[in-house]
Structures are given as structure tokens and as C-alpha cells.
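Residue numbering begins at 1 within each chain, and the chains themselves are lettered A, B and C in the order written.
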Amino acid sequence: MITPANVRRNTPQRYRMEAGKCAACGKVFFPPRVVCPCGSRKFKTVTLPSEGKVVACTVIRTAPRGFGDEAPYGMGIVELSDGTRILCQIADCEPERLKVGLPVSLEFRKIQEAGESGVIAYGYKAVPER
Amino acid sequence: MRDVAIIGIGMTDFGEHWNDSLRDLFVKAALAAMDDAGVDHVDSLVVGSMAPGLFIGQEHLGSLLADYLGQGPIPGTRVESACASGGLALRVGFMEVASGMSDVVLVGGVEKMTDVSGAQATYALATAADQDMEAFHGVTFPGLYAMIASAHMHRYGTKREDLAQVAVKNHDNGLLNPHAQYRMKITVDQVVNAVKVADPLTVLDCSPITDGAAAAVICPLEMAKKMRLKKAPVRIAASAHATDTIALHQREDLTFLKSTYEAAQKAYQMAGVKVSEIDFAEVHDCFTIAEICVIEALGVVKKGQGGKATRDGLTARDGKFPVNPSGGLKSKGHPVGATGVAQVHEIVTQLRGEAGPRQLKGVKRGLAQNMGGSGGSAIVHILEVL
Amino acid sequence: MVGIVGYGAYIPRNRIKVEEIAKVWGADAPSLKRGLMLREKSVPAPDQDVITIAVEAAKNALRRAAVDPRKIGAVYVGSESHPYAVKPTGTAVAEVLGAVNDCHCADLEFACKAGSEGMFLAYALVKSGEVEYALGIGADTSQGAPGDALEYSAAAGGAAFLMGAKNVVAEVECQYSFMSDTPDFWRREYMHYPRHGGRFTGDMAYFKHVRGGVEGILQKAGAKPRDFRYAVFHQPNGKFPMKMAKDLGFTEEQMKTGLLVPTLGNTYSGASPLGLSAILDEAKPGDRILMCSFGSGAGSDAFVFHCTKNLPKVQGKARKTRDYLDRNPLYLDYGTYVKFRRKIRKNVED
């Protein structure tokens, strides 16, 4: 769902990789949370690193609505260098290189748009070294 | 807490029902269950349906279906836990009876998925995932499970053919199930070479889009013993529910279905049994890899051994621990909200000895594992003969 | 001293060769390649646009500048292909960098010189003392109409320049702009593709205004072509800037580092800025660089840059322009190219 409000609300995470680190136990949450499973309600804003490696991956061939033009595209769970995991598309990657263990870095890309006349939602994708 | 029994079951065929609306499907399954139980009135209705709002623009199902079943003004409750909505309906109904709040409860599940396009159906199903962190990026459910598969194959050496074997086995079983959507044999080769949906999963690794409903009538066990029932009641020995992060990437271990493990542990404890005392199971094979991970999380096999166990025939109908004798979601079909109740339908049918050509010999205790999303929720029931 | 404190480039990974386009339209690839001095061009992926390119180039500029983004007082992005007709590109860049919320943002257009306009405004704002740092970015993903000559060259890429007065790596010694109202190349509102005046776009547009810009700045700076180690002009193809260089007295040696178009294509508002970033990647302290952009409609912005001893310290802090351009590109066929560039008419879904 791409609406003006939800695009704006997600901006600190999608544009700047802002996460929340629990002041009590140090666990990092992306997106930030209100309460930590450890019980603490105090958090510090941290920025996630932009380097990591693929720990799970696939190529989406039957795409959901809004992504049809881009299929097939790589997707993966990336473990960033601080241990935080994110899910995102893997872009600019030759099919034979997409496997568990591939080192990647995050780039700013267009993720979706609400149709040809709607708001564009930007965010992060992982790209391997060229 | 009172002991609870299942006294009647019913389900529609699973498939593409162009002429049946959601209410038609539900009422047909519910009436079949009530007829099976020999009751014409229930005290309460609990229905599981994942996304009727997105599939047919209809919410407020509890009231709608209580009315269409001719049972107004009973309380009607619609519950949701993504693909575990059916299992949750049984759990909530169980709690109503066990607590003494109601005596005879109709629990059911229904999903009407074929009115919308494939793309819209995929979108509706994706609401079980984390919208901001997963669906936003263009991932689909086949994609999430494909990622679990990639991690499982990388860590444990699970083979592509092991995944395919799950589908082959379940189709072998579904061939013998008159309610199943896809009653045809398939081979490992066919699975591996079918149209790719999300690498490595092909269309034959994925459960289908289906319309259907399933229902059961439950009541206190003591009451069931006093009723003149045509079929022996089945005892609900355990009803358990556990949650985990709905986002796959936030799980502790990408290859381990923790919510299933937690729910199963609670269920074994509640029933006072070990997994070795369970004779067979109906599990949530939304995708072939799911069944492999589920039998590990249930403790049927060790972590990482699910692929090998499937390959070795452990979970076949003639194996030591038959899984999905109904054909599973893969062959039977997966009308999302109905699945959890349909699993129970199969277990009761097997425990009653009424499964015909797919009957498992001498089974006394079965386990149903129903799962939501990529493992964000799991509901486990253990049913046993009296 | 005011000038560039950080610079950065971004070029998408995809490419398409002249042959690939020519074979579909029945054109003579070898002649085209000779005539345009162009072999292949960059293609933006469906998930890339001027905002994403400007952001990545700006991030590289900030890696080199190592400045607190909250000190950036202005962000100007010049392009002919801003993703929105109404809604700025600059605000997205500022938001990603964290230059929020005290920042002046404005999007610029003037055909291919919109990027250098941003650079001039950024420089002038810092020079006037109004802001401490300002970003000027040129980026484009412009399209050529199918089968038109411009389809061979219209490419994608961008470069960003952070202007400031501390730790300057390339001082702006002089700036000069030349313009006239000349309809050589244009696109009307709501039209999808631009149109142009054919051969009129040569002498009366490109050559007249680049000459005007270069001669003007040489006079203003009291300099001669031989005073420069490097020169970079707007590069819609390889032929125009090299002919201009010859006519004005600049050598191939001076031009070659900044001439990216043979394998990049024409990145419109990113063209001379990217040429400049490629030069800055290699230049040494003391080197003088002359840059002159050209924008149809028509006008040019010229700059004289003087590299300082700070330049070598920052060159290696971010990916170099040539690395983006030369390393392992992904080649597309024409079908994938037109799919990526949305030139295929599809069904409208509800």
C-alpha cells in the first residue's frame, strides 16, 4: 500500500536505515520498536551499516501486483555487518551469482509506485560488486 | 476445564467453485457437520477466514454465517491468523466449550479465493507477511518459502528432489481423497521441471488457489458420551497456539519453524504424550519445503533431517510416520481459512476408520499442525480415539 | 577560497550497444558509431531514476567531503527527467543524506545544462556566505524516441558536487554563463519525447554557445587553452566536443580524460558533470580544469577549477567514475531495453 502517509512515515527507515537499539539489552530493531522483548522502553537511534551478505535468496518469477514489469527479480535476506537482517530485492545481479554467501551493499532504488500517476516509494536494494 | 470432543465433521469438495459464494460454501460444510453430529442447533459459531475482505469485500462473517446457517441470534465470531485461521477457529471454539461458556459449538473455516485475479489473490495472501518490511519489497509467499528452502539446502544439504518428493507423496495420497482439488499422480521430474514461481520452487511445489469450507461440531466429552451419536466421538487431547515474528528475516533461525516447535511442545504436554506416541499428522504443506521444516519442528526428526526423512519414505502412507494422508494442502487444495479445519476433518476420518483406500492402519492418535504466513503463528491440535 | 569539497558519480550498470538498436531499425551501425563516436550507452534499470542516481552520486560526494550532512544548506538537482513534474527531486536527496530540515531545495531545468546550473547556484550561495555547504547535482535518465537518432545516445547517469569554503579540493576560480533564446531542441509539456531541429542543433546551438561560454570564461579569467591540464565540454556524442576542442585550440590529450560519451552515451544534465568527476578522480594538485556545459534552448555554464593539495586525499574515498563506467557492465538486448524504458504499450489494469 503506497499512500502519502505511509511513504512519509517509513522514510527514516527506507531512506536513512534508521533503527532502534534497546538501551537495556542492546538488541537492534529495524524498524524501531516501542517496547523490547526484554521489557525496556528506552531506545537509541542507530544507523544500520550498508554492507552485508546474502543468507537466503530466491528469484521471484511470478510477481505480485505492481512488480510485474520487473520480474524476474532477485530477493534475499541480507545479514548486515552488525548482525541485523533485512529483506530486500537483489538488483544488478547476474542469475548465476545469486547464492547464499554473496557479499552485497545497499543502494537507493525505486521500490514501488502507486500506478503511473501515483506516489513513488523509494527504499533500499542490495547489489553485489560489479 | 472440561474435556472436549468432536462429534461431527463436514467439508465441501475443494476446488474452483464458480457457482458457490462464500456463504454457500460455509453453510454446506456446516450443515454436513451438523448432520454428521445429528444436531440441528448450536450455541455458538466460530469461523476462520483469512481475508474475506480482500477476496470478496466481505467482513462481519460471524453474523453473516450465523444468520445464513439459520442459527441466529447465536454469537458468531470470525477469527484470523492468516493461514492458521481454521486451526484458530477450532482452538477458540475449544476454549468456549472447555470453559463452560457454551455447550455445542460449530467451528469452521472458509475461503473464497477465485473471484479475484491471480495477482489480487497473491496480494491478499501477502497480507500475512510484514507489509512494511517484506511485502513492500515485492516478496511473495512462494518467495519467502523459497528463501527458507535456499537456507535449508545450504545448511543441511537438503536436495531439490527431497522437496519434490513431498509433492509427489501428497499427490499419491490426494488421488485417493474424493474431496481433493488435484487428484493426479505427479513425478519428481515433473515437479522439478514445472514452471518456476520463485527459485527453486515451481508451481508444483506450491499449494493452489482454492475455494472451500470445512466444519466440525464440538461439545463437552461428557455430553457426547450421553448423546446417541452415529459415529464415535473423538477427544481433543490438546489445543495449542504459539507465535513468532511474522517477518521471516527477524526469526532466530531462518530454517527452523519456532512457532510450530513451541505450539507442539505445549500440545504434547497438554495431551501428556511424546511425539513417538503420535501415529500420524496432517501438516501445513503450503509449500513443499514447509512440510520438511514442520516435521523437524514437531520433533518427528532431528533438525535438518526433514529432507532425508522424506526421501527415505518415513512420511509416506506406509511409512513409520505418515504425513498428510489427505493429500495435504498441495493436492487437497488450500482454501486458506478452511485448511486448519480440513486437517481435523481428515484426522477424525482416519481415527473413525472411514478413510477408505487411504486409511492408515490402526491409528489412534493424530496431530494437526496449522501455520500462518511463513511461520508467524502455529496451532497444533492432538486428537485421539476414546 | 570557495569550491568543491566533495564530488561523486553514479552510473547504472546496464548498457546497450549501438548495433543492438541499429539492427531493429535497419540502420547502419558502423556509420553511426563512426559519425557519433559512440559505441554503447548506459541504461537505467526500471528501479532507477534521477532521484536514485542523484542520491547515490551525492552519497559519494559526501564520502569524499566527510562533512556533517546537517551543515548542508542547499540541494539543487538539475535534470531533464525529474521523476515528478511537480514534487522535487532535491528534497528526496536532502532527506536521504540527513540534510534535513534546514535546507533550501530547488529543482532546475535547462535541457542538458541543468546540472551545471545547480553547481553554479551551490557555489554562488556558499560564496555569498548564505550557507556553509551546498550541493549541486546533475543527473538524467532521458529518453530518445524509438528509431530516432537520439535513441543511440540518450543515456543515464549523474554527478554531485558539494561546494564549501573549508578543505576545498578544487577551487572555483571563475564562472561564466552564455545564453540566447534558440529553439534547437525542446519538449512540450505532456509530450513524451523531445524534438530537435536536426542539423540546426550543431552550429547554431551547441557550437555557438559552447564557444561563447569558453571564449567568455577565458577572457574573464585572462587565460589561454594551454593554461589548462584538462578540458571537458558537454558531450552529446564524441564528435561535437572533439570538434569544438579543435576549433578552440584544446588538444586531444586535454580532452580525453573527461570524454566519457563513447561508452557512456549522453547523460544530458549529467554529461559534463560526469566528465568533470572523471577528471577529478585523476587530477593532481595545481591542475587547472575548464568545464563548459551546454543546454538546448540555449546556453552554457563555464567554470575554471583549480585543484588543491586536498584533492589526492579524497579521490580514493569513494568509487571512481571510470569504475562505474568500465567495470563489468550488463548488456541488454533491444527488447529488454524497451521494456526497462517503458516504451512498450501494455494493458491497463485496474
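Everything that follows uses one rule, which is that contacts are C-beta pairs under 8 Å (C-beta built on N, C-alpha and C of every residue); 3 or more make two chains touch, one makes a residue touch a chain.
Just so it is clear, the model here is predicted, and its values are computed rather than measured.
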item: Most central chain, judged by mean C-alpha position against the global CA mean; value: A
item: Higher-contact pair (C-beta pairs counted), A-C versus A-B; value: A-B
item: Subunit B and subunit C: spacing of chain centres that average the CA atoms, whole Å; value: 58
item: Between subunit A and subunit C, centroid-to-centroid distance (C-alpha), Å; value: 29
item: Chain centre separation (subunit A, subunit B; CA means) in Å; value: 31
item: In subunit A, residues with contacts to at least two other chains; value: 65, 70, 89, 111
item: Junction residues of subunit B, two or more chains touched; value: 119
item: Multi-partner residues of subunit C (each touching 2 or more other chains); value: 349
item: Of subunit B, residues touching subunit A in the complex; value: 118-120, 122-123, 126, 131-140, 142-143, 146-151, 154, 195-201, 247-250, 254
item: Of all residues in subunit A, those that touch subunit C in their complex; value: 11, 15-16, 65, 69-70, 89, 91-92, 94, 107-111, 120, 122, 125, 130
item: Footprint of subunit A on subunit C - complex, ascending; value: 12-14, 45-49, 51-52, 55-56, 59, 83-84, 92, 95-96, 98, 323, 327-330, 339, 342, 346, 349
item: Subunit A to subunit B touching residues, read off their complex; value: 1, 6, 10, 13, 30-31, 55-68, 70, 73, 75-77, 85-89, 99-101, 111-112, 121, 123
